[in-house]
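These notes open a run of structures that come right after.
Common to both upcoming complexes is chain A, partnered first by chain B, then by chain C.
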Partner chain A sequence: MSAGATDLPVLLPYRAPAPIAPSGLAAPVLLGGGTFAAFAILFGASLALAQVTARPAGEGATTVLLRWAPLIFQGFLFNILISFLSMALGTLIGVLVGIAQVSLVAPLRKTAWGLTQFFRNAPWLVLLFYAMFLLPFEFRVFGLTIAFPAWVKAIIGLALPVAANVSEIVRGGVRSIPSGQWESAEALAFTRRQTMWMIILPQAFKRMIPPWMNLYAILTMATTLISVVGIQDGLTITRAALVAESRPELMIPMYTLLLLMFFAYCYPIARATMALERRFNVKA
Partner chain B sequence: MDPGAPLRCVRDDVADGATARQIAMIAAFFERLNETQGLNFSVFYDAFDRSRFLTGLWTTSYICVVAILASLLLGLLGVWVAGSGSRLGRLLVRAYVQFFRNTPPLVQLSFFYFAVGGLLPTVSDGFGGQSPLVSGTGWAIIALSLFAGAFNVEIFRAGIEAVPSTTVEAAESLGYTRLQLYIHVVLPLAFRICLPALNNNLVNLVKTTTLAYAIGVPELLYAASQIWSESFNVREMMNVLLVTYVLLVAVLVFVMGRWERAMRIPGYST
Partner chain C sequence: MNRLAILASSLALACAAALAALPAAAQDSLAKIKEKGVLSVGVKNDYKPWGFLEPSGKIVGLEIDLAQAVADKIGVKLEMLPVTGANRMEFLKQGRIDMIVATMGDTADRRKIVGMVEPNYYAGATNVMAPKSAGLKKWEDLKGRKVCAVQGAYYNRRVSQLYTPDLTVFPTVPDALNALAGNNCVAFLFDDTLIVSTLSAGDPKWANYEMPLVSEDPQLWAIGIRLEDMDGPLGKIVKDISTDWHKSGKLLELETKWGIKQSPYLIETNKKLKAAS
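Take a look at the complex of A and B:
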């Protein structure tokens, strides 16, 4: 009986199947560069279009853009500054709450858990509004008046959800250490505090870094929210520039420029996060 | 008409009466709270504020539901194109994912609403005026779906890759074709693997709908800000708002959790 006359799958000639899932795509750096280039091309094309369609009396689109670009970049740098400060504050609070989340004292653990869940599930913008409107604009401590400007309140408002997320990262990191480590430390007569500081946290720390970096990238992108509550950041300046010039054809180039700035900053972070994840991930 | 109808009407009336009484009681309680404690929860006793708040809640829910469905579709479409073997399609999907994951959603929304929306033609609204082709709500849905869809592509891809290769090989050796393999083996398992991550992303999407405030969509945050700027009850409205969002997210998490449990295969742990 020839092979063609059978309908039994096992007797059919074997054909190597196509790969199941997309894997091993183009080199990541190439891809990032490609995406960047694609949007740079879009940016260039829209700019050229704006240049061509500009009213004859007005100046060229490139001139206008070049005039505003340094200012927009400054606004973008302010976003980065805010992201650094909120991340520092959020990490500080988050680590404390996260350690409280794995404490043996039940009320402490439950309070920390409740706080974490609440701030993790509330929208960032609402928390930002919360901080902006409900914190006082100045403090009086012993007759000394400490001003509390809007940007400090914004940092606190952004630090709240960051802290909750960091707390979850710390808890997850500690939980991810196999219980054998705890048990062997106990067998070697380490106290709980010693076990935590000398055995668990050093191992967990490494695993917490990738999600922490991921959170930082998310925070950097969320810093544009401060423009909604009236702080001058990159987005505010972009919008103000567009209003000042009142040239609708410049809208796409200007917004694309801002998007490109954020992409150029966040994409390398995302790449590094993935590389670290791969390095720390021990395949079973 | 069926004979039971009049009876049901009577029962409905009774039920309506009871609900109305309850609403009146709640309203009276909050009005007293305002007079005695100065805690002004105007959404609970002022009919106008309440209707504004409920309209906002409705708009937010509408944006959420449509954007969730659209982002799921986008995710499936993206993973299908990326897996179809076309090099160009794969690169396009990757670029889409990377771009939307690494730029701020608020700037994306502004880009779509102001820049792209400004270029689109306007249509006559039938009353002699001109209205934009896509409304603010429409742009919010488009931008949020694209944003969440980018994450969904990655989640579905990771889920498909996480299906054990031995399972796939076993199915192949049993003579499954590629389509059968996907429908009967890979997708059911992959779907269960990616449910937790999907859950997370959808919760994130619900939280991101607040960004629509920035382009003036009358959603929950917008309604609340209108109320607090007129009734001067920022603190109370803030807390109502936070609790409402936490409840919205809780509903989603509950539904997804139920679904996750219902889909669980006994004895198969992921």
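Take a look at the complex of A and C:
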């Protein structure tokens, strides 16, 4: 029997109106296209300006930019590599600390909580400085010398705040699973470890993916911080290129070129994150 | 245990872990360099024309030529590591590099940390670049006015203490020059030989600019090595080759090669050493 089949005064369940989500393809594509076009116009305008104000004997701004583009792109790829590796390391540590945060063992839980809060609320650049200047440049283990170059230290430095944020994502994801799941598992004689790995984490996983991707996009943009500690990333190379050219009017086109590279990489991640969030919203 | 105590103890834990890993000092650097076959030198790659990038990614410049000459003398390959004013001495102490040739001013404070090789290979002095219309006559005229400068330059502190300008510090030279061209500041505080090079390059953009003040605070630049190497074999080699550069006029040649106006210090030292021999 369906709800509409009776004329008795029945209280129907309240249904919220569907949220007006920018779903479908048109809106995001138009939005993304608009942002991209805006940057492209800015880029073109700065280039044109640089062209006009260039000294007569100098080369065209576009020529100069094209000449440096491969090197700047190499630097950008290095940023991406750093972001990959620190995300991997940060996620590995973060997942462990996050699970420790929901542990039943009080000292473990409290230590994990303390570490998470400390690294989550410390400035990224300061952590990076600590990693750069406190870690040795090489380790000697059993007469074997293991080099420990600056970029590895930078990865560790960036992985610390990432781990703390991942830890919070994991804790939040686990906590978001209704307690009924825990209770049912207990009733079915699952151990706590089994419950965590076989019941809770698989459900929490999809909820952790969007914030995790968000964190990755933020990390990628934050990798330019390593230019401050003297690592040859995209930003350092862009600056060095500007110095080599000694043409101040090229500053805005050069920086915009680097900005476009980052944007082209991070924007699709942001879109995918939003798409995933919407998808998981419906199911939840 | 309350939460604050936990936070404090984890913080202490993190610090202890970081401190546990302390660098080990290197012994007999020259033998080590020869064994490795590589001389690691910290250089600048953002300070034209002393050390700057080519589009191919190669670092070139006056200081690179000097570093190469030292590597050739020892008979090893040269490895260049771009450094900044903030990390070069740390890298040297840690042993990441064996030598600094990176526009480093020879100051008494730094001598406590790094061995400064004499004779110094260059001397610069401080001046400003300003539009002629600004009408600057003496250093005191800078008081309270906006002056652009570059991060990490040794003269920033002295000038801001003596003449109290409103100093705006930029990360690189082009940033600062751009600000000067855009009238964001009345003058650009910089090394006098570089101002002369910029002004004499014939860029119409700087046609109405000048170097109005009397250069001040001559500052020697030095090659830096670890303190314990100063009396060791590496220190001796670098000292000898440095003397030779002055005597043979190689430094003056290099200045000309890289478009730097010959500095009075180098001309004088060259004369003195030639007369002595």
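The rule is simple: the second predicted complex is superposed on the first by the 255 of 284 C-alpha atoms of A that agree within 3 Å, B and C clash if a C-alpha of one lies under 4 Å from a C-alpha of the other, contacts with A are read in each partner's own complex, and residues count from 1 in each chain.
The rule is simple: a contact is a pair of C-beta atoms (placed from the backbone, for glycine too) under 8 Å apart; a residue touches a chain by one contact, two chains touch by 3 or more.
Only a predicted model underlies this, so the values are computations on that prediction, with no experimental measurement involved.
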Inset, instruction - Look at where chain B and chain C land on chain A after superposing the complexes, then choose clash or fit. - result: clash
Inset, instruction - Identify the partner contact of A:Ile80: answer first if only chain B is touched, second if only chain C is, both if each is, neither if none is. - result: neither
Inset, instruction - Identify the partner contact of A:Ala244: answer first if only chain B is touched, second if only chain C is, both if each is, neither if none is. - result: second
Inset, instruction - Could you look at A:Phe118 and tell me whether it touches chain B, chain C, both or neither (first, second, both, neither)? - result: both
Legend entry - First (chain B), second (chain C), both or neither touched by A:Leu96: neither
Inset, instruction - Mind working out whether A:Phe133 is in touch with chain B, chain C, both or neither, as first, second, both or neither? - result: both
Legend entry - Partner chain in contact with A:Trp68 - chain B first, chain C second, else both or neither: second
Inset, instruction - Please work out whether A:Leu49 is in contact with chain B alone, chain C alone, both, or neither, and reply first, second, both or neither. - result: neither
Inset, instruction - Report, in rising order, the residues of chain A that make contact with chain B in one complex and with chain C in the other. - result: 118, 130, 133-134, 239, 242, 248, 251
Legend entry - chain B to chain A touching residues, read off their complex: 82-83, 85, 90-91, 94-95, 98-99, 101-108, 110-111, 114-116, 118-119, 157, 160-161, 163, 168, 172, 174-175, 178, 181, 186, 203, 206-211, 213-214, 221, 225, 234-235, 238, 241-242, 245-246, 249-250
Legend entry - Sites on chain C touched by chain A in the complex: 1, 3, 6-7, 9-11, 13-14, 18-19, 21-24, 45-48, 52-57, 82-84, 86-87, 90-91, 94-96, 171-175, 177-178, 181, 198, 202-205
Inset, instruction - Can you check the complex and tell me which residues of chain A touch chain C? - result: 53, 55-57, 67-68, 70-71, 74, 110-111, 113-115, 117-119, 130, 132-138, 140, 150, 229-230, 232, 236-237, 239-251
Legend entry - Partner chain B, residues of chain A touching it in the complex: 9-10, 12, 17-18, 20-23, 25-26, 31-32, 34-35, 38-39, 118, 121-127, 129-130, 133-134, 217, 220-225, 227-228, 235, 238-239, 242, 248, 251-252, 254-256, 258-259, 262-263, 266-267, 270
